[in-house]
Amino acid sequence: MLPGSCETAMFNYTFQWKQAMARLPQMLDGAVVTMQVAILSMVLGILLAIILTMFRLSGIRILSAVAKTWVEIARNTPALFQIYMAHFGLGSFGLHLSPFLSILIGITFNNAGYLTENFRGALKAIPDTQTRAARSLGMGAAGAFRHVVLPQMLRISFLPMTNQMVWAILMTSLGVTVGMNTDLYGVTQDLNALTFRTFELFALAAVIFYAITKIVTLGARLIAARLFRY
Amino acid sequence: DKLDDIIASGTLRCAVVLDFPPMGMRDESNTPVGFDVDYCNDLAAALGVKAEIVETPFPERIPALMSGRVDVGVASTSDTLERAKTVGMSIPYFAFEMAVTANDKSGIASFEDMKGKTVGATAGTFEAIALEKQVKEWGEGTFRPYQTQADVFLALSQGQLDATVSTSTVAQSNVKTGNFPGISVVGKAPFDIDYVALFTNREEYGLINYLNLFVNQQVRTGRYAELYEKWVGGDLPSLTVDGVHR
Amino acid sequence: MIEIEHVRKSFGQLEVLKGIDLTVSKGEVVTIIGGSGSGKSTLLTCINGLEPIDSGRILIDGTEVHAKSTDLNKLRRKVGIVFQQWNAFPHLTVLENVTLAPRKVLGMARAEAEEIAVRQLTHVGLGDKLKTYPGRLSGGQQQRMAIARALAMSPEYMLFDEVTSALDPQLVGEVLDTLKMLAQEGMTMILVTHEMAFARDVSDRVAFFHQGVMAEIGPPQQIFGDPQHPETRKFLSSTRQ
Amino acid sequence: MIEIEHVRKSFGQLEVLKGIDLTVSKGEVVTIIGGSGSGKSTLLTCINGLEPIDSGRILIDGTEVHAKSTDLNKLRRKVGIVFQQWNAFPHLTVLENVTLAPRKVLGMARAEAEEIAVRQLTHVGLGDKLKTYPGRLSGGQQQRMAIARALAMSPEYMLFDEVTSALDPQLVGEVLDTLKMLAQEGMTMILVTHEMAFARDVSDRVAFFHQGVMAEIGPPQQIFGDPQHPETRKFLSSTRQ
Amino acid sequence: MFDTALTTADFVFLAKGAGMTIVVTIISVIAGTVLGIVFGVIRYQLGAIWAAPLIFVLDIFRSIPLLIQLVLANAFMGTILRLNMSGFTVACIVLSMYTAAYCAEIVRGGIEAVPATTRRAARSLGMSWGQDMREIVLPLATRVALPSWIGLALGVMKDSALVYVVQVTELLRSTQILITRLQEPLLLLMICGAFYFVISFPLARFGGYLEKRWSND
């Protein structure tokens, strides 16, 4: 049963793959938007997580409290809730974000929380002697973190980061709840409203999502092989 | 067939959209009420069975039917040709005019003013499809579909949207509740009249025939007018189109 | 000149250094021996300011290490240290390990830093391992790299903390040879070691630590040949077995 | 009686056992010595059927270990084995470690199993550790517990695979004493060891393995006093140093 | 404190939603765990090559948005198979498979963490494969797997917010319904978020505690 190859009858249902396949270009455009959101949210999430990690390490109580609260909320409430909150929650304060920004902020918030937790685990795996060695070469605390600890931390948490990236891709599908209709899920849903070929359209979307996540994990592996040769 | 199945099972399960006042909504005790809810109850009574209201968001109406979760959609569903490829539609049981509701701060006073603004509607509805097309024609402004009618009005009152197009009944009803401060109905949208139909599975001719007759009877017996007065009020819209049968 | 005066240091309840006095002049090689937990490593980390001290003071060329006004990062450029555990930066190649500090701390250009690094690495016999990652090196090679890394900062003093004790026996020799070479070149060094033969060979003075106290110090001939303190005798006889 | 006939065994390309023949009679103690990778451990795991063999056969009291019809679980009750790496069950107390198999495999009642377990544990000197978890035991105690655990199944044969080689020197003695005691009690044993003095002391015959071949076998006096095979000589002189 | 139109009836309504969230979660986690253990053991026993089809199928559940899984399953069971299934059933089936897909990996990791030597010791005492699994592997693997499993269960609870697409009115959906009527998004969302937090946070902490305790010995 190759999609698009024919109209297949199964039980009482007649598949109309051609109709769905005709929409493929639109859906691929959606996939591009999905990737944009995912990549941006990852980049921002990693930067924020690094900042939050430094907050945690800073020893300044208020900063580490901020980091802690962030991590716990991100990890203990549904992503859908976080995204809804980014749009309508902030909206009640008169802060109006476009759907794109809402979903971006929602997922970034989530990413940052989970990654901060990952970084914490990674830091534990880096022996104290590394910092000592760097400090005894005359590096300052910041220099030792930046040149010695950080690269190792990113390497140890590379696999969790890849997983988080896959998550981010999957989470973009929640954008519809805040008015997003340009991403892959949103496009699919719009097309569904138009034609009601639910199964065919979403099956196609599923295949695209699957392909994207596979490409991303594969790409990550290649990047890891290039970056981490030690 | 399905008609027999419904009678045999003793329950009629209707897909109803419950954030679409006054067609479907919830009262203070969160029980479903509205025009569509009453209409479903009438249909069940006519069939001599119990009615069961299944809440479905707009985008999920057809999937709910297709997945056998409901028997009939009484869900203000526009009878487009595209959709009729998938489901079977009855004759129209209601007709909507489209109205523009705007946030007071946006300064929008008519449909044309919406050009270049951020506008939205409920994903998967007739007006959403039409409005999105219009925004593309204008070539400026943004269109945002939300999952539910409630989210649309919430976004509108928060100022995330400048204006929305919705059925006039919904617009009036929402503005009337006073839940959404700072919004008002500013005019009509020049879209075709949105005829909505009951729907069921495409091949259930017996049931579709029954639904057609039921809609006809509702008008004949005056029940349609009665329900319209109860939930909407004002001029009763005609359910026929000039110059063509059905 | 390194001057250590009445240094005391505790970890919580445990007093690890109980008033240490020691002066190391330019060009001198002082070896510290002593049982496990006697405070040898702690003293070294205090000397370059990695650990604070409780009382007393440590002067390096007249600068007080633990004074508030002292720029420790600057001071540490003068004092290289190599630890017991290998502490190569695993994410950097051998060459990058050695050039990192000169570039980031001294602000050297890459080319210049690499020139120095290659010289130092060749010096310790790792001239052919520049592009290798430390994970691929033997323990002895890692330790020699750590020595080259410290030397690349052109320190005036070097501290070595049991740099051979985590090595397989056959790798010990190559590291000790490197240290001996440094000593012969006139580097001022304090080294902690369990290799008695080596200590006798290379040191100007040998200090014996016992439970946070420097029980005895003197030329190697005296310490090994005619130890005065009963604990020194006990320690030496137990290591000789 | 354990009869090993022309046993060959490969892991992938690597032939680890190249036709081994060995018969161990009731009450005999056979020690296997040989270099690392010579196939000693592999032979033991073949004897109790943990590893399949490629050709040849192994008979235990006439039952062919690798025959399809053989109930290995039943056979293994006869043949106890203790490995090089400690393999205590960390989630069970010492007593539970020892009673587990008698209860689950032999279907003994708890009381009966515990009686036997206490006897065996006391025998190996762990009578006071019944409620302790293995994590709290020293390596030597863990190995003795493993021995007691195997003995609790009342095996007729015992295989020991370098049971002391992962132990600190001061713990080796206590385990060897336990083995000696077993030998004196008449247990049929095959043991792999690097402790030559012990092998000489306890064995009826000593076999020397070299690269998958049993190069030489004979009474300990002959093997240690007058080795015939050049590899045996080489091996013994290298371990004696 | 808050000037709100929220009535007791509304709280009951929210509580029902929360109840639904919990029921869906519990059913899916139990079913998913049982399946996950079966899949995990099969996956481990067969090895990566022979279990490839299973790995592929389970991977699908981890590579497609849950929302799409729900919509597809719903459309497939209803539209194509014409099974008369409630949304609740579909939600539980999909979430169970979703749980199983992740759980299988956790189980495999747990089994692999049991040292081969320990298992050899068990087998050489005459224990059968089943006894080894039950008496040795299960208790030891559980220690490794339990913290991740708690994380998974909490993840499933949070992800169950998505079952609204198959017409199951769980907590977040109930909240949205009330927002529709009451127009107090912030307050209602806070209540909803707090509910998830109150369940998730202590359990997550407990998982972290177990992890710390068991990684020490």
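Which chain is which? They are A, B, C, D and E, in the order written, and residues in each are numbered from 1.
The criterion applied here is as follows: a residue touches a chain if its C-beta (ideal position, glycine included) is under 8 Å from a C-beta of that chain, and two chains touch if they have at least 3 such contacts.
These are the chains along with the protein names UniProt gives them: A = Amino acid ABC transporter membrane protein 1, PAAT family; C, D = Amino acid ABC transporter ATP-binding protein; E = Amino acid ABC transporter membrane protein 2, PAAT family.
Small disclaimer: the values here were computed from a predicted structure and weren't measured.
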{"item": "Smallest number of contact steps required from chain B to reach chain C", "value": "2"}
{"item": "Those chains which touch chain B and also touch chain A", "value": "E"}
{"item": "Those chains which touch chain C and also touch chain A", "value": "none"}
{"item": "Between chain C and its twin chain D, rotation from the CA superposition, multiple of 5 degrees", "value": "180"}
{"item": "Maximum inter-chain contact count - chain pair", "value": "A-E"}
{"item": "Geometric centre distance via CA averages, chain D-chain A, whole Å", "value": "54"}
{"item": "Intercentroid distance (Cα basis), chain E paired with chain D, Å", "value": "46"}
{"item": "Where chain B and chain D are represented by their mean Cα positions, the distance between them in whole Å", "value": "81"}
{"item": "Rounded Å distance, chain B centre to chain E centre (Cα mean)", "value": "36"}
{"item": "Junction residues of chain E - those touching two or more other chains", "value": "71, 75, 79, 82, 179, 185"}
{"item": "Sites on chain D at which at least two other chains make contact", "value": "none"}
{"item": "Chain A: positions in contact with at least two other chains", "value": "12, 88, 91-92, 198"}
{"item": "All pairs of touching chains, each written as two labels joined by a dash", "value": "A-B, A-C, A-E, B-E, D-E"}
{"item": "Chain C to chain A touching residues, read off their complex", "value": "45, 48, 50, 73-74, 76-77, 79-81, 83, 85, 87, 89-92, 100-101, 104-105, 133-136, 146, 149-150, 153"}
{"item": "Complex interface listing, chain E residues touching chain B", "value": "7, 9-10, 13, 71, 74-75, 77-79, 82-87, 90, 164-167, 169, 176-183, 185"}
{"item": "Of chain A, residues touching chain E in the complex", "value": "10-13, 72-73, 75-81, 84-85, 88-89, 91-92, 166, 170-174, 185, 188, 198-199, 202-203, 205-206, 209-210, 213-214"}
{"item": "Residues of chain B that touch chain E when the two form their complex", "value": "18-19, 25-26, 28-30, 54-57, 60, 63-64, 66-69, 148, 150-151, 154, 157, 179-180"}
{"item": "Contact footprint of chain B on chain A as seen in their complex", "value": "12, 87-88, 91-92, 94, 96-99, 176-181, 186, 189-190, 192-198"}
